[in-house]
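Below are the structure tokens for one structure; questions will follow.
First chain written, first letter: the chains are A, B, C and D, and each begins at residue 1.
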């Protein structure tokens, strides 16, 4: 069993990994009403082409459950046809030789031109398209309660200091300044923006993408941790373990002033009947106005007998089709993964986000979010989570956190 | 060659030999009892006959056919267990018919046999009950019915009466004896109760420490024990065994014994016995019924001797009174008539019937003849 | 089979029949050999490789173990398991015993109460985790409710407190299994000879002494069974921690099971995950093997 | 012994304290269930506006309906219904097989012991403690090689493999106390290996079978990891669907539906406990606590 293992992964995927002819089996973790509605657009598109959809949802942990299941499925030689994936997971699977080459359809639909390069870094491996990007979430958003902002006379903060002042104002007024849920990935999402704001794009690139030890251990990093301590002071005592959407609800219900969260938070506002710019505000984290940190859901296709099946090609094509991109991202809160679309159907925040995304892409300021696995491998990401969350919960002071961050990266490199 | 032959059979568990070379041969219709204290090997031997345990070496044959390696079910035997081993989930009828069913006997043939056996054992009214609803005695009958209905060559009984109360045990004992006489079947019966052994058997094998100590009729075993173990184990109250020395006396030899209080007494052996062993230290064995009061002594015996002994305890037992004295430091019990006037503390004449005396070597514990 | 052939077969058939018990057992033996011990061997091997997302077979020596002990979360996980395991087993046994003794006093509606005590075992923690999480949450749970009754100073925020959070896991875990332990002890109590109890009462033993001196010592087999079941659950507790705290606040409630899952699957560090699994298995063995040894040796006497 | 130990009968105060204690523990055990039931009968707005402990102001059964047949657990809003059936299809054979095999193993280990059988049992028992996380990948590989990947039989097999240790333990301890003389009697009556098992032992195994079935049913029904990893799009069990319902990443969390679904998912196991609970203690008494 030993020797055959590695070879077997590819071989088995080849031989038995076929779903029923004419169907696609899709492993994903989009099980909420809105997400499922969005996927239904894709499903209907495919059924129009005579292709059936076999649904294999596994929710939980932002896709980590699904990735565990995927590993079992692939190892058993029963890989799903298409799998929702994030960032480095795609690269890792491509390295294993398990993903199909989508170059034909990509050339046919001209993906190289319309998909930003920062996304291609994940969607392509070794010069071959292996995944079709569905959307682009950006993570460095601030969500603010307009009513509180107006009441307290707070304008959009442009710098860190202004932001701290604004938080202080909210806190003094007796509200929770920062709505936050104490889960590792949420802590890291904040840190993502704080680090970008503190050290700038180059620092971000060096520390989180290149894993440069000097940058990781630098005073700038310590400064970033200090700022996290400051933010911790604006969070209520009851934050630990809270789901992000409950934190959003605090902003919606006029209990809290701000939340730092990716653009998926917008869906909560919209679902609660709130309107952008009337009931709530959306803007980039102070100090990162020109940058966009993103994560992108993509669908990777598992290799079928050494080539791409017709169904997979159809699915990939449908995913990047303008109609699906618009229809899906309208519901999901994210922006389309291609830069050539008319997004007038999106809401105000969505349109703003799309413009910023295009601009960042053009100016080279589009960065994969380290907190969402788009800067480095899962091992590194989670090792950083450990340090960030431990620091945010007061287990480390900033100096220790910096040291721990360096050693965590060393261990997991 | 007998009906059931046990030839040089042994049993070992690893290095431990629990049954040493055993040879027993019994005829058809015999009632053999294997008796001995627990751990003596009797149940092991029974299980070997049943085929429930393998034979380490030697052979067991029934009707001349070697049973080594033959399955229990194919030996044409039946067994009654100590706990009766009634199948709790089946009715009495189911229990009785199970063996026939397993041997492929059609239902029409089973029914009359069940009825016949149930009738014989008077359990016809219980046939539809489950074992849990029966009394101990009823279960015992069902267990026997289950064995009987098979009409086997050999019946094996593994302490079948030990779970019954005293009264029931005596009744069932009689019933088993009647059944044996009526049906004339061959039976091997294991018990630790020497009375059962003596009352039921045609022959007894007394076992101890993995050896057959003595094989013989009840009378042989009782009157003529081969060694001190058999002498002490069989009979109740058990045989008095006390130290003595053989000395010359007027008519031949006598046993010189130490009475309580430092005196010695000489009790002559029956005519001429033990003359060859004069001067030897021995253990003298006399059953309680051979030590009586003067008037209660066996009138046919030629060799009754009176010795005045101090009385330690008297134990009236209705039909008899047991009187205890000390000889050679051992309690010695005599069986006196019930109306004899004897009190503890006084000295009283004891009558020793030396025709019944048996003599053992104190070291080997074997019989000296 | 033809009739002629059977003539020569009895010996073979007999041998087959004699081997039947072993034949019946053999599928289980094969299953256990492959799917338990084979997999353990495989895991041990993996722990010496640099496996990441999928198993690979490039040996790296002790590196995974060295790294494992450098990871702070592992230390936390191990010490948490110690705290959790001891408290969980002790409290479950104590509570289970108490409940069993209480229920053994000829209680009316015993069956009903017993079912209530027992039912948590039936529920998966995917299910009850949310309820517990809410109940323990100071914002909406017990603290809020009691404060709502007017006890403004009432505080119960353990789940948010990184020094206390592990105890909330004990509370929920005890809730889940103590009823089961109760059932085991109750069964043990019912199995004790009532004549012995009468004798002790005649000897003048107080109720307390009766239980302490006579009853509880006789429950040793029940204690042993309970210990195995509880140890097994303590070590495997994964759902519970994930549902209740997700290992937080911070890493305060990390346990080896969550650590192992996280490194093997979430972090694509299969080598380190395997190393932690090996350490965990060795710990289990250190606890269970002596138990099995004493149990099985006793059987021989 | 219950009869003799209750020296306190008739002592009013002691009885009162006793019942109070028992009632307090009932509250402890029922609390989470209370939270779940109460909140499954409220409209969502009532939950989010606080007061998770309070009784519903407007009673609604809509969450239950939704969880059963309308809730979003995948692309299709099917509710838990189809997954329920998947779970039943998996649990029933898995429980039956592992119980039967456990009974056979227990029978062999106690009534037909052979050299090394005790050690074998020890090894079997130790297998119960293997962490499931480490078996996931190699098991997936084996299932693939056996052609059982992503199928209900595959799931049944996995649960059989890891359920067998405990079921063997239960039956072995039970049969150890079962009189060996009965087996011998049956042997002499001419019953073979399997006949003895079917006709003599199995009919008397009711109590321990209940214990074993309860244990296996609970574990298999509630399993998530294997269910998620080794199932296919058309064989996902209930727990995976419930997880999808509860853990959905974005969008409004319908807690009332979650609770309704959670209780629904637990109903079969609860039912088993309530129906068989009385035999449970009896079964434990007969077997497993004897060590």
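Basically, contacts are C-beta pairs under 8 Å (C-beta built on N, C-alpha and C of every residue); 3 or more make two chains touch, one makes a residue touch a chain.
The shown structure was predicted, so the numbers you read here are calculated from the model rather than taken from an experiment.
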| item | value |
| --- | --- |
| Which of A-C and A-D has more C-beta pairs touching across its chains | A-D |
| Greatest separation from subunit B - chain, by CA centre | A |
| Between subunit A and subunit D, centroid-to-centroid distance (C-alpha), Å | 38 |
| Inter-chain centre distance, subunit B versus subunit C - centres from mean C-alpha coordinates, in Å | 55 |
| Residues of subunit B touching at least two other chains | 71 |
| Contacts with two or more other chains, residues of subunit A listed in rising order | 1, 5, 61, 68, 71, 74-75 |
| For subunit C, residues contacting two or more additional chains | 17, 42, 54-55, 261, 265 |
| Residue ranges of subunit C touching subunit A (in the complex, touch as defined) | 42, 45, 52-57, 67, 70-73, 133, 137-139, 157, 159-160, 162, 165, 245-252, 261-262, 265-269 |
| Residue ranges of subunit D in contact with subunit C within the complex | 1-9, 18-19, 21-22, 25-26, 28-33, 35-36, 50, 52-53, 101, 104-105, 108-109, 112, 114, 117-139, 142, 160-162, 164-165, 168, 192-193, 218, 221-222, 224, 239, 242-243, 246, 255, 258-259, 262-263, 265-266, 269-270, 272-274, 277-278, 280-282, 284-285, 288-291 |
| For the subunit C and subunit D complex, residues of the former touching the latter | 17, 20-22, 24-25, 27-29, 31-32, 34-40, 42-43, 54-55, 99, 102-107, 111, 113-124, 126-128, 130-132, 134-135, 140-141, 144-145, 175, 179, 183-184, 186-194, 197-198, 201, 207, 210, 215, 220-222, 224-225, 231-232, 235-236, 238-239, 257, 260-261, 264-265, 270, 273-274, 277, 280-281, 284-285, 288-289, 292-293, 295-296, 299-300 |
| Residues of subunit A touching subunit D in the complex | 1, 5, 8, 12, 16, 25, 29-36, 39-40, 43, 53-63, 65, 68-69, 71-78, 80, 243, 245, 249, 264, 267-268, 271, 332-333 |
| Subunit C-touching residues of subunit A, taken from the complex the two chains share | 1-3, 5-6, 9, 61, 64, 67-68, 71, 74-75, 92-93, 96, 182-184, 237-241, 377-379, 381-383, 386, 389-390, 392-395, 404, 407, 411-412 |
